[in-house]
Amino acid sequence: MNRPFAEWRGGPGSHTVVAVCPRAERTARSAVRVTPGRGTRRSTRRRDGDAQPRMEPGGLDSPGTGLSETDRRQAVHARSRGVFGTLIQIESVTKRYPDGTTAVDGLSLEIPDGSITVLVGPSGCGKTTTLRMINRMVEQTSGRILLDGADIREQPVSTLRRSMGYVIQNAGLFPHRTIVDNIATVPRMLGWDRRRARERARELMERVGLDGALARRYPYQLSGGQQQRVGVARALAADPPVLLMDEPFSAVDPIVRKSLQAELLRIQEELGKTIVFVTHDIDEAIRIGDMVAVLRTGGKLAQFAPPDELLSSPADAFVEDFLGTDRGIRRLSFFGSDGLELTTQPVLPAGADAAQAARAAASGAPYVLLTDAEGRPRGWAEAKGGPAGGEPELLPTGRPFVAGRESLRDALDCAVLSPTGWAVAVDDQGKVVGVVSQEAIGAAIRSAHAARQDGDGAGGADRADATRAGAVT
Amino acid sequence: MSLFQFISDFFRDNANWHGAYGIPHRLLEHVEYSLIALGIAAGIALPVGLVTGHTGRGGNALALVATAARALPSYGLLVLMFFWLGLGLTPVMIPLVALAVPPILVTTYEAMRTLDPAPVDAARGMGMGPAAVLFQVELPSALPLVLSGLRSAAIQVVSTTAIAATVSLGGLGRFVVDGLYQQNYTIVVGGATLIAGLALVTIALFWLVGRFVVSPGVRGRR
Amino acid sequence: MTSHSQSSTGPRHLRAAAILLAATTAAALLAGCSDSSSSSDTPNGSASSTGGKSKPKDPLAGAAPKSGTVVVGSNNFAESVVLMDVYGEALKAKGINVQYKPDIGTREITYGLVKNGSVTVLPEYNGSLLSYLDKTAAPTSIEATTAAIEAKLDPSLTMLDPAAAEDKDSLTVNAQTAAKYHLTSQSTIADLAKVGGQIVVGGSPEFQKRQQGLPGLKSQYGLTPKSFKPLDAGGPLTVSALKDNSVQAADVFTTDASITREKFVTLQDPKKLFGFANVQPMVSKAGLTPDAVAALNAVSAKLDTQALLSMDDQVQNQKKDPLDVAQAWLKSVGLGG
Amino acid sequence: MSGGAGFFDIPSDLQHSYAGLIGIHMQEAMIPVGIGLAVALPLGQLCVRFRWLYPPVLWVTTVLYAIPSLTFFVFLIDYTGATRTTVMIPLTVYSLVVLVPAIVDGVRSVPQDTLSAATAMGLGPVQRYLQVQLPLAVPAIIAGLRVATASSISLVSVGALIGNQGALGNLLQDAILYHRSNLALNSVVTIAVLAVLTDIVLVLLRMALTPWLPRSGKAAGRAARATAVEPSTEAALLEDAAS
């Protein structure tokens, strides 16, 4: 859980050279997958396909990550749910209250299986109501909701709810029960014996990154973030195919929120649940959503699209306004840094001889990057000074980016923050693999935009983005 | 201190410890009356408080009931009930129950109202039925306040049961009333001490019960 | 009291004591102010040793009256209040300043108050008073009774002339019990004693301890009831308890209207346990002028049992105010003001 | 004078008219509340100032409140006789133990920000107490006063058991004495009406003193409901109301 934000997809210890930016990959996938229409139903397969390349080289699945194990589990899980998996279809659902207010107005959504769908919008947009209609905490006035093709009203409400994990804002832990008993609630309701339920609970505590020592504590003894983890574990306890999350992270501070989001994505990677996630925070929506539904006040759908598409081509002024001004920069998170042309010419390894130094200085770059014996960046030295013997004055390198695994946004950020205007690329061990200039990054952004445009024929907003991104560069 | 002298005289008098007029028997009577009154009151007030608190309706009506019941003088009600109903346990139970209902009712209602809605929502979302939500989630969390209402009622009932003696019933009030009639201050003070002692024991008892039935998770939070 | 009973713990004890002290001081101050506004409240002037039978100081004893006023008191039953009004109003008619102290309580309390001077005049019943003063006395005439009382009475007190009016305590059974054990108005307490083990006797709480009560019933008639139920001094509790048979026999005043109404049977008392019960004022010697004594004796001279019955009836059955009843009777015998 | 006594005909032995009895009753009931308030205000402020003081004080108040009024009266006879003072001292103590938690919770519920703002404006501790804390604590104090007055008015009648010091409660004794159940009804109804009227006056007083608060509402209802319980429970309720 303490791993940096971008790490969970790849997992620690990965030494893969095929630097796949999970974000970009994911987005590309969603873009295909989410094209409205029946085709989306096939999305389950994507999971299985996904697992393949990762398992093959064994690179990402280095021992300890348990990914291969979880993927197998997930595959089993997917199979047990049938080929097509769960899919929630919301069909022109309206919720009107007796006092006349309309919370949700003719909403239709197809929530794809095995992915995270985020409902986002300002307060009063009916996002929570929509979520609560899925487990019938709220009954719709008209329209219908299908789960796996069957109307949710066909089964007893308690059965329906027990098949869906439910996580809410303040976790809603039972104050009178210990952590382990909180998590064991649904299994116990399903008739598991106490020992098995507790065993399962402890297993889940580990999964959500909770220290087992907390098991016998009571909720009030936990921090907000820990409580929220318990909430997630409790929702997962009976292994429900669907997870409903109602602003689960909005009551914790930004740092904790970020780690919880990361944790959720990691868990999702392992379990492949169908998650419906409600938030009012568009950044959160973009960070974790495979699909994002933007709702406007009055309970109307404004746009339903993958986050990348949302950023590149907002459907209207409302969505654009809701996204905020820097969506160009933010969208860069969806472009992998693998396409960047790295150069090793200005890199001067420790113990290099004068000739190497001269070559580095002559590379055309104004600065030379010195590395230590392990190949980690030490600092920038002026190329012109070039004294091989004496120790030159070094400028700090700032934070390097992990080539391939981190996005263009990270690369750009490194370049902007670097005193030399050059970003340092490292591998997962922190070893320098090359450097890249702001100009080169700008070029990469432009070509990535162009490629994306060719790929999905998205609207002209892309160009504006690219221009804006270029301007920053 | 002369008061102490009276008290120790009372407890040292062997005659006060035996028979139908002795301390043990009077104490049992007192506890019996108190338990009956408390039982009836809890039987009325707990369900009503739970339901009204659960639904959130009737809060203002409850406030009225509480004020009105507080305003009724128990002893006066007892005398009135004696006139209307004659001798017996019923005329005693009416003022005692009237005394005990409001604290239980009000605290139960408040306990249910001030519950954190999140766990309840979560419980419903997990597929718990209304009864399960009430007994497994709401009640355990509301327990400290509900218990304090019961304690409040119990203390008042134990104290007030003394008036039963004014309409010829037993209980520890017997010592006080008889002593006042017989001009025997020793008995008066002895009985009064016993009543106060019983009230304090009641506090201790509820404290103990709280230790056992209230989850540490709820207790720790308060 | 908290300060004593919790003396084990230091700070709490001190705080409780402080609270109590503050409250006591303040309340005492205010009580001082409020005295002037009420006539029934008297300052706690004398702390003389009074009343209690073996106690150096009895807290239940009252306080002394203001000088220059005659305080007429009564016990805690209706007839005593009427008598208080009768004697008091007669004094008033003579222009004497009268203060009433009604419903004081039982004889156990009132005797102490007359003795310590906080009550000047108290309508008493001679036999009952004697029995309270001397458990063994068994006088055979009214005069002998008065003499016996005077012999035992506190030197500061004296008895005035007895009235002809008589109202005794009695052991009275309810109709069911009378029928069950074939008791008639000719039966005696001794007849009841034969079935005593099945009888619940009721009476004012002090009946359990005083000579004209359970102790006397046992020593004179060998009556040991199954149990005793504490009620009130011949008041509604007693009547109810007899009526609903929660007691089978009870101490009822012979003038009580409910005896005929409810068909109760009063048992004969051949051993004179309840003795004579003529109305007779007990007075504090120091508190009365000869005029006042004459006025009180004049009342006693006119007061017969018939008058008493009539007045009781007006108060208890016709719900008239005792003061009105007393004034009306005084007027009818020419003693009114 | 007609023969049968009417509902409001008070037996002469009580030596007061109906109105007179009401006057005495209110005097016997309200003086203790007044003294209780006068003592509770500084005591409450001490408890706010020295936090460690409050739990033991709350404990003592709970215990004191558990002592039956009759016990209290009877014990005091030893010191103050069967007088009105004997009735008023316990009532004072009860008022005190009800008011202290109310005041402490009231003053404590004043938001720290408000206090900081007051301090920042240069108000001294005394000014801050009088101008900020006390006014903002008024609703809680009045809630406590309502508990105290209601119980005080009702408990005065128990004084009838110890030498006729029960004012309207003495009617109960007379009801028994003269077999007049109407007197008992009169006593109960009058006492209840007095308690309710006093309660209304206090509510109106609260409205007058706190124009910035909504006229009615949750807090008011809660305060009213808090009038049925003993001090520590009351404290718990008020705490919830404040949070």
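Order of writing sets the chain letters: A, B, C and D. Residues in each chain are counted from 1.
The rule is short, and it goes like this: contacts are C-beta pairs under 8 Å (C-beta built on N, C-alpha and C of every residue); 3 or more make two chains touch, one makes a residue touch a chain.
Each chain and its UniProt protein: B = ABC transporter permease; D = ABC transporter permease subunit.
What you see is a predicted model; the values in this text were computed from it and never measured.
The chains that touch chain C as well as chain D are B. Of all chains present, the one whose mean CA position sits nearest the global mean of protein CA atoms is B.
Remark: among chain pairs B-C and B-D, B-D carries the greater number of C-beta contacts. Among the remaining chains, the Cα-based centre furthest from that of chain A is the centre of C. Distance between chain centres (mean CA atoms), chain B to chain C: 36 Å. Remark: chain A and chain C have CA centroids separated by 93 Å (rounded to whole angstrom). Once the centre of each chain is set as its mean CA position, chain B and chain D turn out to be 20 Å apart. Centre-to-centre separation between chain A and chain D, using Cα means, comes to 61 Å.
Chain contacts: chain D has residues 63, 67, 71, 75, 77-78, 176 touching two or more partner chains. Contact of a single residue of chain B with at least two other chains is seen at positions 2-3, 83, 177, 180, 185, 188, 196. Pairwise chain contacts in this structure: A-B, B-C, B-D, C-D.
The part of chain C that touches chain B in the complex is made up of residues 1, 4-5, 51-52, 55-60, 105-106, 108-109, 112, 202, 204-206, 208-210, 227, 229-232, 236-237, 240-241, 243-244, 246.
If you check the complex, the residues on chain D that touch chain C are 1, 3-5, 9, 11-15, 24, 27, 31-32, 35-36, 38-39, 43, 56-57, 59-60, 63-64, 67, 71-72, 75-85, 88-89, 92-93, 96, 163-164, 170, 173-174, 176-180. Every residue of chain A that touches chain B in the complex is listed here, in rising order: 135, 137, 157-162, 164, 166, 168-178, 185-186, 189, 218-221, 231, 234, 244.
Those residues of chain D that touch chain B in the complex are listed here as 62-63, 65-71, 74-75, 77-78, 146-147, 150-151, 153-155, 157-158, 160-162, 169, 172, 175-176, 181, 184-185, 187-188, 191-196, 199, 218, 221-222, 224-230, 232-233, 236-237, 240. Chain B meets chain D in the complex at residues 2-3, 6, 59-60, 62-64, 66-77, 79-80, 83-84, 102-103, 105-107, 109-110, 114, 144-145, 148-149, 151-152, 155-156, 158-160, 162-163, 166, 173, 176-177, 180, 185, 188-189, 192-193, 195-196, 199-200, 202-203, 222.
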